[in-house]
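Encoded as structure tokens, the structure appears first; notes follow it.
The chains carry the letters A, B, C and D, assigned in the order they are written, with residues numbered from 1 in each.
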Amino acid sequence: MKNIKILTERIIAFRDARDWKQFHNPKDVALSLVLEAGEVMEHFQWKSKEEMDKYVIEHKEEIGDELADVLYWVLLMSNDLKIDVLKALEKKLKKNEDKYPVEKAKGKHTKYNKL
Amino acid sequence: MKNIKILTERIIAFRDARDWKQFHNPKDVALSLVLEAGEVMEHFQWKSKEEMDKYVIEHKEEIGDELADVLYWVLLMSNDLKIDVLKALEKKLKKNEDKYPVEKAKGKHTKYNKL
Amino acid sequence: MKNIKILTERIIAFRDARDWKQFHNPKDVALSLVLEAGEVMEHFQWKSKEEMDKYVIEHKEEIGDELADVLYWVLLMSNDLKIDVLKALEKKLKKNEDKYPVEKAKGKHTKYNKL
Amino acid sequence: MKNIKILTERIIAFRDARDWKQFHNPKDVALSLVLEAGEVMEHFQWKSKEEMDKYVIEHKEEIGDELADVLYWVLLMSNDLKIDVLKALEKKLKKNEDKYPVEKAKGKHTKYNKL
């Protein structure tokens, strides 16, 4: 498994070879994040639970492609803003444990502030 | 640095302890992806280049939090659909090299199909 | 029923009284459109068909509020770009008739290019 | 100018002729709203202020098309949930006057809760 650090370096090398840093202000990069997340979502639109189950098996590669696009922009933005996103995720996971205690949250899709 | 595999395992353990798998169909998970990407984007709205430069330094932690949320859902969905997202990203990087050859793409923000 | 023209005029008068035109470049306005559409969508996340049926009756006003926010930005952007959005919609409706002929599209959620 | 009521009726007649009501649960319709709003936004990505000024004049029709798509789903959802979206917008405009008093909000892009 290639790790995040190496993949980030490749993303940045790819970008810098094309002299694209000039376009990568956080606002426009965040637009990419949203638009690529939208492309993931589009795969599932109008589909029933049963249709989705079938679809995700048959279109695993395409969906993986779109998820990779989202990850691409997460890593690029994290790099540019000097954010250690894995550390941020770890911290988040700890916070979530507190926001959603098992005994309160079990089996419910209620937002923490309404639990 | 915690790696992606360990973080994914923690995300899934957190989810399963709360019996939330039942809600995590790909459509609703993709909604989270889009909504969290939107929260990243919201940080930069209405801001000029100069305001953003200042803002990203002062709000590094909050932005990191939101990027971590996006990554969270990328990893959860990849896990559920049995997608190796790092491998997908690596493949993507190779594809992008072909779609955007340096000599054609250098210094331009043109989509590959219009280069 | 108040009409679109009058509502647009009120939106612009509200904006101009606050000297906000300076912020309303199309990119940032489009961000609002996406973020407000996201707020509509958030209402339905994680909900089953049955939960949604109940929810939309009990939260009609909140959902109406969010839809109004989306409409707000549609009208503001149309005004600023001198687009007659009702005319554009009418044209769209005609185009859709061709893209989705009844005999081909009936009962199917297939995109026109795959029909 | 065709009015909203007539356009809504045409949207619904178009839909019902294709027997598509079965797919139009609020969640999937809201996805359309977000995805179409994303298509508006995509027009402006990576562009500087100057590029946008030029672009909006040359691509008025395409942008109008996308805005019409957003409006389409606003009207369809409003119809299905029995929401009078023009009335909701009018109410919103009144609320905004209170949230953003001229003397406090003039010339600032600060959210009402931080004014």
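Following the convention adopted for this analysis, a contact is a pair of C-beta atoms (placed from the backbone, for glycine too) under 8 Å apart; a residue touches a chain by one contact, two chains touch by 3 or more.
The model shown is predicted, which means the values in this text are computed figures rather than measured ones.
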Repeated interface matching A-B, over half of the contact pairs identical, chosen among C-D, B-C or A-C: C-D
Equivalent interface positions on subunit A and subunit D, same or different at half: same
Rounded Å distance between subunit A and subunit D, as computed from the means of their C-alpha atoms: 26
Distance between chain centroids, defined by C-alpha means - subunit C, subunit D (Å): 2
Multi-partner residues of subunit D (at least 2 other chains): 23, 27, 31, 34, 38, 41, 45-47, 109
Residue ranges of subunit D touching subunit A (in the complex, touch as defined): 23, 28, 31-32, 34-35, 38, 41-42, 45-46
Contact footprint of subunit A on subunit B as seen in their complex: 1-5, 7, 10-11, 14, 17-20, 22-23, 25-27, 30-31, 33-34, 36-38, 40-41, 43-45, 47, 49, 52, 56, 60-61, 63-65, 67-72, 74, 77-78, 81-93, 96-97, 100, 102, 105-107, 109
Touching residues on subunit C, where the partner in the complex is subunit A: 27, 31, 34, 46-47, 109
